[in-house]
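What follows is a pair of complexes built around chain A, which joins chain B in one and chain C in the other.
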Partner chain A sequence: MANECAGRALSEIDSLPLRRALVDEAAWLADLDYCMTCGKCTSVCPLHGYSSMDPRKIVRLVMLGEEQDVIDSDFIYQCTTCERCSYVCPMGVKIGNMITRARSMRPRDQVPGGSQKTADLHRSVGNNMNLKTEDWLETVDWMKEEAQEDVPSLDFPIDEPGSDYFVTINSKLPQYYPLDLQCIFKIFHASGVKWTMPSTWWEGTNYAMFSGDLDTWEFTLRKQVERVEELGIKYMAYTECGHGYFATLAGYKKFGIKPKFQVIHKVNLYAKWLREGKLKVDPSRNPQRVTLHDPCNVSRKAVMNGFPDIMDDSRYVLSKVCENFVEMWPNREHNYCCSGGGGALISGFAKARNYYGQVKIDQIDRTGADLVCAPCVNCHDAIEGLATEFEKPWKPIHLWALLANALVFD
Partner chain B sequence: MPDFMVGDKAYEVDEDGFLQQPDLWNKEVAEAMAKTEGVEELTEDHWKVVNFLRDYYVEYQVAPMIRKLCKSTGFKLNKIYELFPSGPAKGACKIAGLPKPTGCV
Partner chain C sequence: MSTHSEKIGLLLETCDSALSKLLPEDKLVSMLEDEKGIFVFPAPSWTDGDAVARIRNTCRENDLHGLVICGPSPESSQVSDWIEVQDRDEAVAVVHAAIRDHVSVSDDEQGKSLEKIERLVRMAIARLRGSSPINVVEKEVQRKVLVIGGNHAAFETARGLAASGLSVVLAESKPTSGCVYPLSEDLVREVHSSRNVEVLKDASVEYVDGGVGDFRVELSTPSARRYLNTGAIVVAVDLETIDGPLLPTVDDERVISLRRFGQQVTAKDGPSDSVCILLDQKDGERLCAAKAAVGFALEHVKAGGKASIVGRHMPVYGTQGQEVYDQARSAGVRFLRVEDAPVIEHSTHCLNVSFTDTVLPEKHFSLQVDRIVVPASMGPSKRLGSLAHVLRQPRDLMGYLQSGNVRHRPVGSPRRGIFFVGGCHDQCDPSQAAMEAQAVVDQVISQLPEGKIRVAAEKIIYDTGHCARCLNCVRSCPHGAIHPDEEGHWMQLLDPACWQCGICVSVCPGLALQHGRLRFDQIHQTLHVATADLNQSAPVVAFACRQGAIRAIDEAVSQGLSLPDELLFVDVPCAGLVSDRILLDAIEQGARGVMVLGCHHDNCRSMWGSDLTSSRVDALKNKLSELGVDAKRVCFHPVAANEAFRLVHLLNDAMDEFPQGRGISPAGRRELTAEAGQEVSHG
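Up next is the complex of A and B:
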């Protein structure tokens, strides 16, 4: 009989704790073992040259049994896990995964900056910024009322069972930038779909993956899955947050979570609804020169892991909602990190960020754009940081802001 | 950790310029930090925001949501963004001596 070994199911043997650990460990070492020391990883690394560490070197250190030097290094938290290294590796060494594993071996009280604190809050209160449910709902109401001044028919339920879409939000919006909530409300309202705003577990990020806290990564995913399933919802609309989307899909795979709903990135939904004619838009409302920053997690890393990416759809949406779109080069799978990925934005290594941010600045400058569409809250903030620090004339904008601005309501 | 100098007094800040020991905050620090955040001079309106953030933080050990800030100061959202061009998190909270917020900021 297939799938059996000595009368026992292979799945049973595979799940025995020691075997499981050995298989995982062997897969990891075997992967490193393929390294030919060619250095391609280092040649494409935005952090290369900043310190004495680089991707090739960390692979060698682990191979040679000096892994503690890697675990203790600042490099693992300065790294933006953009995974250009893994993308170009001719032998498929998963260097990004190795960084996350190395981070997981760092004692929690020695994680630099605020990523662990953010992950702890996510675990204990269900969002990154310690927002109480009543305060969150009050902000939702406030912004709904303001949006109704533009679109009187706009309305939506909270925690509505049987809705089609569960909408995730980055806690930065209610905390500091609630006007962005109005954009999201307007888009979902205009689409005509049945959607609901959750009162809890709506956080659309996952800093536990950044800090290397695998347990909290899994815990927070399971809590959110539980919430969506309790409501019997078909789709979780993942917000414009690259790592949150990636952490969700990669986490489901890693932790064996099989949700009864489908995760769809909001940008894929915008494109779908535009194609279906559900959203009517007037591009002349966005006359500025706009370029696009491809967030690593929803472009290169999505492709490498077999997850739906947003590369084509973000361009399609921009072509419909803006009059003057211009590409940034290199782009798509070859794009450079915003300078704040992988938790770098919150790890406290501002000098390192500004170092590899130079590449991003050059890329943006060459486009001559006024606005840099960054369909990722983290990229948006990193690009804003670069613009402020280096006094640049461009500024970032979310795709939801451009789309909402172009929406025409009957 | 780098130091932020106010006159000849050094204050420890993180690489993003947030005060490491929020208890050491004072008006002179706020005025000096404001200049690094695109606010040349702290007006009465600025102080209304900064003082509210400061008092709230001292009482609850967290930054208030912007909804509370607007309600308490009576300012509209846009007014807050105008007062602090680098934003409520990186601008106003930093000037009020709060630590760097958690999450994507």
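Up next is the complex of A and C:
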């Protein structure tokens, strides 16, 4: 009987896996049936116009039972989950969450680009770059020695139980930008707090969330929590990474993880130490015109999910460490994505990314800045990519680099 | 002029501190030394509850003929248009000398301000001197109401009126078959058993005469003719089903009407299946049917069924219209917006609704459902045509029985005592009908109180000696306040029904009618003062409608905008009052230009008053050109009460348009009126 009918029954639509998952997860999501098709989501989406797909169509397709079209579309991996769409939705439809869910429905071997491979490495090795513990410790040691040439008193323990801070690092640093490690060491040293560098599970990103591998997402989080709790550490100082910080806090909530420590973003720590006078800085060492890029995960998405954000603190730090700070427009929770968010940086859709990045380029160009401070490794790399590709005079910089450069040691 | 006292009161309403400083009482008295019989007195404190009573006493004690209120603007004044003097059965006429923004605080401009203020006060005095005394009469009213219709609105109104002690005649027609909400049997029983209600089945209205408080109605029933004397008439005829199959292309028992679906859902005896409600099947969906569809879908989903609503538009109706949508959405009712009408595929095994979602034009969807629900197509009743004719009321473009003139909404009409509720003037559901019925009951009670009503007599003064019985006035009265009597065909002017717009006066070729509050002489004298002592820049006179333009002027002044200095406003009850005679009089007396500020098309409280004068001005322009007078000296501009900014721009631009110097010579004028007089009529 069903074969004779081309039409789909509503009950059949209701039992489709993506829809089912979204409804089951309803505590996290306002049901997409609330959609009024107003199109606000689409009008704020920087990817809108690149292909025939847009956020509103995604919502309608899932609602009308054509979710396979969504799961199979390139759009869900071109999307940077910046969630400007969810932010403006008058009915509270969580479109970003829907995208992540749709990604999780993709067979793992059909995930485009390198995000799944990275997530698999994270799961098996404990970091994204396939760094063995001894290689990691060797790099740390080398950089420590280099840093001691500037600051002779600099020293710190590895895996010290009972320390105040467990410091996470983005694995790109030891692999590609080891010099940046020195900056982090110097800042933590100057603050005078008790901190330790972990030998394992120090990775400060989470590509499993990007690829939609919910299982690995949960696994890696639990491993890290285990490690911090083993050492009995009070605070996890999360590295300057937007999505890692978000994936950690959102993941704890999503998977019901209740850690015995608190997660603090490093930018919040810099601001705290500057306010407390623990860090002494000389802004004249950073005379260039600096603008700030607000990473979506620690601005808009943090605000939307009730996590502590870094928007005020990053501005406070910049006001202390450089002489010439200029705002980008729009900014804070209205900022546009760097073009590399949500795993787009490694998903292989370079054309889509450049389309999207044009918005960012215009934003940066208008400020006339020399440096774009991006307190997120992902944003930093995406902006660097834009600057190279389009031969722009500005370049990105981490907040830690500006801060470490301004640090004054007695 | 009148046998009444010539003494005029001048009330200083100096709530404006700048004005009181500039114009103390003694200064005003000395300024008006040459005017006779002026009695100046300050306004009592308005916080005093008896302020108006005290003014009334002062008027009576000093035997005042009328009162000039010298204050910022009529809008901000605490004194109404006339003050009733209770023990004399007459009232004191009130004219506002609106000082508005002509008070200058800077010392060097005070002289100029005072000059303008003096002119405004003198204009008001001149206007008042020529006025007739206002007599107040008591009239009997019939506390009986005719209600026409046979659905919610009619029964709700009949019940409300009967409960308020009025006697009701219900000309009951059969309830509309297609109405989404079935008529409540309890309501029908209650009305039928009420002692105050007389029911006439299948009665049609043949003739209506008279006005509020005293309508004479002829009804015909299948068996006999009935003559009634009622105080008010309520038309509550409901929408009508437009005959035809629900879906012309699909003949299937699984396609049901929204009414039937609603009955099942309400009685909870339908299957908990998957239904699809199709809106916008014919010529656009009825708003109230859309609300009903959403409400029924919600109930269906709550009872365990599934429901989707497919339509081109998702109209929102009534006070809680949007709320119903939100509830339905959160309960899981799916809303599908389509570009074109969906295609129905049906076989014995399945029923599919195929459509293209507006968001996904490239994609085709097909929904399998158990039943399809379609609202019946509804429209205004065919009976409204004959009712409109009998009641002398226009219908709107869709055929509903109420003018597009929103001022009369929600239930009133330009004819006092005639009301429209329910589906006769708009789409309507029972909750809306109940609200409207209540509004009618409230208004009827105030118009038809127990005992006698007091109204101003001779709102329009009628001189049979000049009347040619041409019936121009009868045809032109938008409020149904003039009727020829049955014997001599002399005009009967019904004071309770009259709104004093003055349109009848302006169209009377024999000058047999005069406005009771604004006779031609009064206007003539006012213009005389306005244009007196001409210096280099002659003033421009603007006749401004009190309902719209005057409010916009006051609003502009209150917002600190300034108006052209040489402009003098003469407020009129309706722009329709301004006849050729008045326009030409202003030019002849030396005005540089004459402007009429009326209302927008379809926005005139007196229906066609503004349109009438607008076309009058156009015709006059041609005549002026023929006589070699610059046609730019007269103009008409529509202004709404909320268009203060636009008005100021418009006035400034208009000032530049008028040619300099005087209007036309008296010789030219004589020729002109002779010609114009022949053609004055309501077109």
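Here is the rule we use: the second predicted complex is superposed on the first by the 381 of 410 C-alpha atoms of A that agree within 3 Å, B and C clash if a C-alpha of one lies under 4 Å from a C-alpha of the other, contacts with A are read in each partner's own complex, and residues count from 1 in each chain.
The working rule: a residue touches a chain if its C-beta (ideal position, glycine included) is under 8 Å from a C-beta of that chain, and two chains touch if they have at least 3 such contacts.
Keep in mind that this is a model prediction, so the values were computed, not measured.
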- prompt: More residues of chain A are touched by which partner: chain B or chain C?
  reply: B
- request: State whether A:338 touches chain B only (first), chain C only (second), both chains, or neither.
  value: neither
- request: State whether A:179 touches chain B only (first), chain C only (second), both chains, or neither.
  value: first
- prompt: Which partner does A:407 contact after superposing on A: first (chain B), second (chain C), both, neither?
  reply: neither
Message: If we overlay the two complexes on their shared chain A, which of chain B and chain C does A:350 touch? Say first, second, both or neither.
response: first
Message: So in the superposed three-chain picture, is A:98 touching just chain B, just chain C, both, or none of them (first/second/both/neither)?
response: neither
- request: Would you check which partner chain A:89 touches, where first means chain B only, second means chain C only, and both and neither mean what they say?
  value: neither
Query: So, does A:386 touch the first partner chain B, the second partner chain C, both, or neither?
result: neither
Task: Mind working out whether A:118 is in touch with chain B, chain C, both or neither, as first, second, both or neither?
output: first
Field: First (chain B), second (chain C), both or neither touched by A:57
entry: second
Residues of chain A contacting chain B in one complex and chain C in the other: none
- prompt: Where on chain B is chain A touching in the complex?
  reply: 14-16, 38, 62-63, 65-68, 77, 86-90, 100-105
Residue numbers on chain A that touch chain C, as the complex places them: 1, 4-12, 31, 33-34, 36-37, 39, 52, 56-57, 60-61, 63-66, 91
- request: Would you tell me which residues of chain C are touching chain A in their complex?
  value: 274, 306, 308, 329-330, 332, 334-337, 345, 347, 349-354, 357-360, 362-363, 365-369
- request: Would you mind writing out the residues of chain A in touch with chain B in their complex?
  value: 113-114, 117-118, 121, 128-131, 135, 138-139, 142, 170-172, 174-179, 205, 207, 241, 345-346, 348-351, 377-378, 380-381, 385, 388
